[in-house]
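Below are structures written as structure tokens.
Both of the next two complexes hold chain A, though its partner changes from chain B to chain C.
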Partner chain A sequence: MEYVYSILILVGIYIVLASSFNLIIGTAGLVSIAHPIFFALGAYTAGVLAIHLHLDPFSATAAGAAVAGAFSLMISLPSLRVSGDYLLITSIGFQLGLLQVIKNLELTGSQGGLNNIPTPVAGPERGWIFSAIALAAAAAAVLLIRRIVRGSYGRAIRAMRDDELAFVALGRNAKHIKIVIFAVGCALAGVAGAIYAFYFQYVSPEQFEILASGTMLTMVVVGGMGSTWGPVVGAVLLLALPQAITFLRLPLAYMAPLQGMIFTLLVILFLFLRPQGLVAPEPPAPLSPPAR
Partner chain B sequence: MLDPAVLVQIFWTGLATSSYMVLFTIAFALVLKVLKLWNFAQAGMMAIAFYAMYAAVNQFHWPTAAAVAFGLAMTLAATLAFEVLGLRTLRARRSSSLLFFIFTLVCSEFTAYTLTLIFGTEPAPLFPEILSPTRMVAGIAVSNWDLLAVGLTAALCAALALYLRTTRDGQFMLAVSDSAELAALYGINARRTYAVTFAIASVFVCAGMYLYGSRTATIPTAPLQLMLFAVIATLLGGMGSVLGGALAAVFLSLLQSYSVLVIPSQWQGLILYVFLFVTILFFPTGMHPMTLLRRALR
Partner chain C sequence: MSAALRLSGVCKRFGGIVVADEIELELERGQILGLIGPNGAGKTSLFNIVSGVVAADAGDIRIGGESVAGRTVHERARMGIVRTWQNMRLFHSMTVLENMVLAPREYAGESLVRLWFRPATVARADADACERALAILGRMGLAHLAGHGVVDLPYGQQKLIGLARALMNDGPCLLLDEPMAGVEGQAYETMKAVVREEAAAGRAVCVVEHNISFIKDLCTSAVFMSAGRILERGAIAELLASKTLAELYFGA
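On to the complex of A and B.
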């Protein structure tokens, strides 16, 4: 049963990650693949605060989200001043640079990772309580993103994504929207990181390398970029896939690369054969007619 | 007080080490200049070049020249397939830059996973012996590898400069890099120019991986990190300037080499990322000497 719970928890965590990543790249059209580092920031912040300052899980999770959001500003403010391409380069540089710091700091457990993160719930109920928390966080994240995307702010985001020049010509501040969306997406990844840290009680730098970006990208592209429910479908499907591969009973050394190959091949196939993904983006809600 | 001989030795070794970084940066900057594409698939090209040569040397026991030719042929084939089957379709569909970016990155990751499945994750050098005979020249240790690296890089840079200036295809590349639409109006075949650009990039990538692999053991995911160096050097040298990118690669390599004197080795990798932030914050158009001079005169 514990195995089923851990799958459910991962499903919840990856729905938050894929949905928030989709908000950044699918809805706002911002080019960044450094989402795993914000996941890491949430996990490490919550873990370090719980271990060293004995902070309660809710405050530690909030701190994880705040740190991820704050670091996102550090990247987006200078890079978006120039152009969207710079966000991509800066975010990759930030991801690799920060991982180097994490690997060398004693506070973060160095290369070996941060372990013995205290668990807020012990005993046989631990599995289902964490499953409920992770799935509730996933539902809250999806609803929050749906609310952002379906309202007038969502229309502004899509207008900016589709024609930034015209959007700016109308007097709207595209940079402001980009910074806000990037911060919201990254803060949500921080929440997912904190839940991960408290459940698995261990985080290591290898989990957040550039190749981890590929998994999230696959969930978004296969599910449907720019669609609210697409990343949910993508996350569920792509977490089920590795479980299916385990039935092949291949040696462990072949499992990870095979899984990676399937994920990346899926992205390539979807990019060319079904670019809208499994769940196409919903048409924008019609504007209400002006009051007479 | 530092011994001047030590400083000169670090300079020479740093210069030799910068050779493959220069080649990777030129390949990256050239594709960015002509195709306006951040070609993250270059990491995949680099991995294919290395493992094709590795298989030829260690599994088929071919001579070095044949192994290099095989590596180049495989890289060319993969690159042209990437251009013809992938990028042309995306261009025809007028896909967004986000899709181009995802495609190039995912191609690199797919290549890394495939090569991991075939060759494993054990670091492997190109040749069983990575130490090269060394001689003392005016008190400085100069290895055969150093001479090969500096000589090959200089020769390839000179050949590229000559190619761009004197051949029709080279002129077409410059024209397409200025404006693909205008070049098309003058009858220049942009598709062919893109393919030629990728072919030249393959030569630089293959030469770079030969130099890198004959000195260092590598794993299928290592080219992703190496490519990031090329990206940062391209940014630092000024986007669109191949020469600027190459000079920036030399500068960053020398900086990393000299940092041994003041920074513990485990923090040396951070220098690159610090430079990335400094460039984006203060020199978003790059740190090309002419740009800096113009800015100073203003």
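On to the complex of A and C.
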């Protein structure tokens, strides 16, 4: 049963991650792949605060979100000047650089990772309580993002993507929108990180490398970039896939490379054959003139 | 009352190319000023400098008496300066109405905080903007196109939508960059009528245009630019009669 719970919890966490990543890269068109580092910032912040300051899990999670949101400025401010490929490279540098810092700080457990994060709940109930929290967080994140991308704010985001210069020349503040989108998306990744830290009680730096960026990107691309439900489908599918492969009972040595190959293949196939992903973006709420 | 737009001593060069050389210009409310000159004279560059897309090297620009120094593009638009573009730059994934609703000086839906805590305010602002947009489209005889995607429209109508979108900004200054290029027939007449009405309603309009008959029909005065300098200014008839200008313009 614990196995099922741990998968449900990962599903919840990855729905939050893929949805918030999609908000940044798919909806707002800001090509940064540094999302795992904000997941890491949330996990490490919550973990460190719980270990050293014995902070309660809610405050620690809020702090994780706040720290991830604050660090997002380090990507969003450059994104005001650079975009496209340049922003992509900046984001990779940021992710790898910050990861090096984490690997070398004693506070974050250096190379070995952060151990013994205290669990807020223990006993036989632990699994389903955490599952409920993770899935509730996923639902809340999806609804929050849906609220952002539909209606007036979403209209502004789409216009900014269509033609940023025309957008600002009409008096719209593109800078502000980019900073806010990055902060919201990264803070959500921070929340996912905190839940991860409290459930698994252990965080190691390797899990936030470029490979993690690839996993999140695959979820978004396969699920459907720019669509609200796409990343949800992508996250569920790509978490289920490795579990399904385990039933093939292949030797362990084949498993990890096989998974990497399948993920890569999926991205390539989708980009060529179905670039909109499994779930195409739903049309925006129609803007109709007021009836009177 | 101060001029709607005043430029003094505005200079800009890109390396060795001078696009604005000590430009002095004053635009009054109700005036339609033509900005003419050969390609590369610096007409569009002047629009870019005024709207903040390109920073001037020197000089002073004032909108309604207020300096724009240090103001970004979007802040200048909110101060009341709005421009159109040669190639329209419409939001291509959107409908006519959506393009226009985004263009008032204040857009309530731009703040997430307001969207969350004062949704009714945002909804009301959107409804007001829709109503204004339909009124503008109505004046152009295009109200039936409100729900159409802009990319589906013929070129002349897209040009008109570019103007209609700009008119959502109720500021004192309207800069039109080649509004007539590629426009003919009904759209041409509509464009002319609407620009005239806007000036009559108190807007200061500056038009960059190669279509001389449009300039002649519409403008009371004009300035002639070449190589980043204003060579002559005055009544449109005198200007067009000038021999030096004809030589520069037509290479005759």
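Brief remarks on what is shown
We take it that the second predicted complex is superposed on the first by the 281 of 292 C-alpha atoms of A that agree within 3 Å, B and C clash if a C-alpha of one lies under 4 Å from a C-alpha of the other, contacts with A are read in each partner's own complex, and residues count from 1 in each chain.
Just so it is clear, a contact is a pair of C-beta atoms (placed from the backbone, for glycine too) under 8 Å apart; a residue touches a chain by one contact, two chains touch by 3 or more.
In this text the structure is predicted, and so the values were computed from the model without any measurement.
Bringing the complexes onto one copy of chain A puts chain B beside chain C with no clash. When the two complexes are overlaid on their common chain A, residue A:217 makes contact with chain B while staying clear of chain C. When the two complexes are overlaid on their common chain A, residue A:29 makes contact with chain B while staying clear of chain C.
Legend: residue contacts after superposition of the two complexes on their common chain; A:155 is shown touching chain C, with no touch to chain B.
In the superposition on chain A, A:173 contacts chain C only, with no contact to chain B. Between chain B and chain C, an angle of 80 degrees opens at the CA centre of chain A in the superposed model, to the nearest 10. Judged by the touch definition given at the top, the superposed model places A:198 against neither chain B nor chain C.
Of the two partner chains placed by the overlay, only chain B lies in contact with A:264; chain C stays clear of it.
Set against each other, chain B and chain C differ in how many residues of chain A they touch, and the higher count belongs to B.
Between chain B and chain C, the minimal CA-CA distance in the chain A superposition rounds to 11 Å.
The contact sets of chain A with chain B and with chain C never meet. The part of chain C that touches chain A in the complex is made up of residues 51, 53, 72-75, 77-78, 82-83, 85, 89-95, 97-99, 101-110, 112, 115-116, 122, 126-127, 130-131, 133-134, 146-147, 165, 168-169.
Those residues of chain A whose C-beta lies close enough to touch chain B in the complex are 25, 29, 31, 33, 78-79, 81-82, 84-86, 88-90, 92-94, 96-97, 100-101, 103-104, 209-211, 213-214, 217, 221, 253-254, 256-258, 260-261, 264-265, 267-268, 271-272, 275. By the touch criterion given at the top, residues 38, 86, 89-90, 95-99, 101-103, 105-107, 109-110, 112-114, 116-117, 120-121, 221, 224-225, 228, 231-232, 235, 266-267, 269-270, 272-274, 276-277, 280-281, 284 of chain B touch chain A in their complex. Interface of chain A with chain C (complex): residues 147-148, 151-153, 155-156, 158-159, 161-163, 165-177, 180, 184, 286-290.
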